[in-house]
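Okay, so chain A shows up in both of these, paired with chain B first and chain C after.
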Partner chain A sequence: MSIIPNMPKPWRKETKPHKFCPGCGHGLVLKALGEAIDELNIQDKIVFGCDIGCSLLSWDFFNVDTVQTHHGRTTPVMTGVKRARPDRICIAYMGDGGGYAIGSQHLVNAATRNEKITVILANNCNYGMTGGQMAPTTLPGMKTETSPYGRDIEETGYPTQGPEMVAAITQERAYVARGTVANVRQLKNYIKRALQTQMDNSGFSFVEALSGCPTNWSTNAKDTWAFIEETMPQYFKVGELKTPVPKEGISK
Partner chain B sequence: MAVKPIQGEKRVFMTGNEVVAWAALAAEVDIMYGYPITPQNEVMHYWTRLAPKYDRKFLQTEDEISAGFTTCGGVLSGKRAFTATAGPGNTLMQEAMTMAEMMRIPLVQVVQQRGGPSTATVIYSQQEVTMTCYGGNGEGLRIVYSTGSHQELFDYTIKAFNIAWKYRFPAFVLGDGYQAKMRESLNIYDPAEKGIEIVKTYPFVGLEGTPGVDREPNHLRNTYNTEEELNLVVNELVAEYEKMAPEIVEYQNFNTDDADIVIIAHGIVTRAAQAAVKTLREQGIKAGHFRPVTLRPFPEEQIRAVVKKAKKLIVAESAQGQLRKLVTDAIYGESVPLENYYKPGQGITAEELVEYVKGL
Partner chain C sequence: MPTKIAYRMNKIDTKRALFTIFTGLCKGCGLCIQKCPANTLIWSDELGVYGTPAVQPKDAEGCTGCGMCSIVCPDCAITIERKKM
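Moving on, here comes the complex of A and B:
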């Protein structure tokens, strides 16, 4: 007897298996997003923008209208769509480099303007697509291709606290959370509340997802999960930072 | 249906920036995205005052990178969208313009050229020709109208939207600080009065129906995996562009039929060139003037026809040879001598052109 996994409805079979590396967190983040889309029944309203970096590989992942943008520029493209077509539900999907480094001005200003879009950012502590360079989220002492002796906080500062920054600059009606691929059900609920925030025209919504990059971390399965579940949360606290949506009625 | 912004046709006395805002309204533009930079600002000032009265929108972004990309987003959603900028802002927008080239996003960008390089002046130049025609990592698959008067700013702004949406290439209206800031008389009109039909827009993403159920999803791609794959895509883009080019090139000839000396100039310098030709003719000198109106695509055959008959060419521009590069590329192989009259970042008068020609 075979067990057929229950995939979200927008799951596009023709483009599976997906193109992410084995053990990559993107597939889990996207699965959580797909389930959130299902539960809200909004597949026909989604416009999905993906950044450049590993996140670009999500361009044909779902049966939703999708556009690949430029590195760091997904937030403005989705802002442009949403401003022109407020009836669409716009999702900007990116990595930590795209959101916190090259596109940080767009994230900060979209958040400040309370743009009615949802930004989902996968944080894996490095630039994956380009071969594992230091990212704004690289942990102190962590070795990458551009911090081969470990990230020196005297030289390059502390890891960017993205959700904390966004929570600090957004209005009360925004939604901000940090989830993790180590808890997909919780991540799905965070993404669902983020999308609900957009659907209610309440405010900007932002979810960071702690994610794994075994290819560039050079870790086996056990060490990859240990890094996601034990090491990353020491710097990146999982939880909701801002919740405008009443929690009643949404299952935890 | 909402009241038309311009009823019929009327004579007005306006700055060029105000003209652009009225033209965009008349062209049924849905939304403008912009970021402040001189000498373009009043496009936004007038747009933000006028737009709400006609149910149009505006977003002031955090920088020109964002203005370019939000404009891409607006167009992808199926709306008629534009932005306006100058100088360093034009530099920042080039990134988004390459996306528009690659993904055939029919946006419009108005450029009011200022002095360069760098921050330089906020006044005037023709130093954004190369960038507007060929900026970014790409092949210059754009349409660039170089205007020379307020009437043309109005006419070509409307035309830019129509040509962009008809052919699906990004279109640029290349003005300058003089045209932006000065007042001039012109006629503004409801395009329908002139028999101009505004081309319909349509969405690229966010279409009706459930993707994968009622229809295929639209997956818009600008990333490719192999050399061969990309080469095919670019070849197709170039073929489409080249097919369009003869249908849209525009130029003007002034007394070039029997001219010994032909002044080549574009944009507002055409006015100095036209006046200089008139004066020179009165003094018995057989001068003429060729003016490319589209800098991309460039009127190559038309300039070659003129050049073949001339004894001497003069490229006059408020830049250090940016127009000349387009000219020499177009007339490669011709042997007629070519002189340069360059004044980077500075205006050119008819009087100085007359003096220069007589001194040759």
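Moving on, here comes the complex of A and C:
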């Protein structure tokens, strides 16, 4: 038997290698998503919406129905699809720019209305596609193209903590978690529970994934892992913030 | 119908596992080298899809076949098949 690449089943093989940069965290987030879809066996029910920014490069990533929307408007488009076809499983995939900057109003309002969709957000602390400008999630003191002396919290405030915000405004039985690409298996379980929340018609589900951007951070592999594993979790705490069932009932 | 695509590959037979690196997928990011718990991966003479070096195990002894490199590869370029001992 010939050896084939160990890709999740929903991945579209003919578009690989994918278009993300070497070492990009999107590949790992989408790998976790692919494995979660695979394990729940829901590939034929998925509607996948991707945002503008680096995340739009996932438009031909999966063998599922995909729509690429206006910047920041992935959440409302997926809300519309879900309301028109409640039997579909809608996934909005975006970066931190699409979720916390231009699209924060939509994320907040969809969470308040408790829409039955799943939002997956890759947080890499900058705007990757446009060249690494400062984003709402840039860490204090972190150097980017538009904050060459480091982010000044006096001028620009503290980074957005999305899952904490969403967990505060969603209703009971919603699912909110923050995973990291340094632990793909845990991230897969979070995404799986988020999709399960939607399939149970339980409520809004939101997963943020701490992701890496070696191109714009200008880091080698070692520093990339150090930043994802040590620096980012100091501010962005990894874990489940809200679960539809009491935490004791969930197997880790 | 699923299409079958043959990527360029480099098979390396180590003592405990068959290490396959698909050089047609490897972009040479080096994340696997850092994550390898046995510290056995090095840059290879084979080139990846972007003309950057791919990876390979240093020798036949080091690789334990744990599959960590395969898990952290964003491009799914590494396949590990453990041998029955």
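The rule is simple: the second predicted complex is superposed on the first by the 239 of 252 C-alpha atoms of A that agree within 3 Å, B and C clash if a C-alpha of one lies under 4 Å from a C-alpha of the other, contacts with A are read in each partner's own complex, and residues count from 1 in each chain.
Just so we're on the same page, a contact is a pair of C-beta atoms (placed from the backbone, for glycine too) under 8 Å apart; a residue touches a chain by one contact, two chains touch by 3 or more.
Bear in mind that the values here come from a model prediction, so they are computed numbers and not experimental data.
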| item | value |
| --- | --- |
| Which of chain B and chain C A:123 touches, first, second, both or neither | neither |
| Partner chain in contact with A:105 - chain B first, chain C second, else both or neither | first |
| Chain B versus chain C as contact partner of A:59, first or second or both or neither | first |
| Contacts of A:184 with chain B and chain C, given as first, second, both or neither | second |
| First, second, both or neither for A:79, with chain B first and chain C second | first |
| Contacts of A:88 with chain B and chain C, given as first, second, both or neither | first |
| Which superposed partner A:3 touches (first chain B, second chain C, both, neither) | second |
| Touched partner set for A:68, first chain B, second chain C, both or neither | first |
| Which of chain B and chain C A:47 touches, first, second, both or neither | first |
| Common ground on chain A, meaning residues reached by chain C in one complex and by chain B in the other | none |
| Parts of chain C lying in touch with chain A, wherever the complex brings them together | 2-3, 5, 7, 9, 11, 18, 20, 22, 24-25, 27-31, 33-35, 49-50, 52, 70-72, 74-79, 81 |
| For the chain A and chain C complex, residues of the former touching the latter | 3-8, 11, 13-14, 16-18, 20-28, 31, 184-185, 214, 220-222, 224-225 |
| Chain B residues touching chain A - in the complex, by the definition given at the top | 30-31, 33, 57, 59, 61-63, 65-66, 69-79, 81, 95-96, 99, 103, 203-213, 217-223 |
| Touching residues on chain A, where the partner in the complex is chain B | 10, 12, 43-45, 47, 49, 52, 56, 59-60, 62-70, 73, 76-85, 88, 105-106, 108-109 |
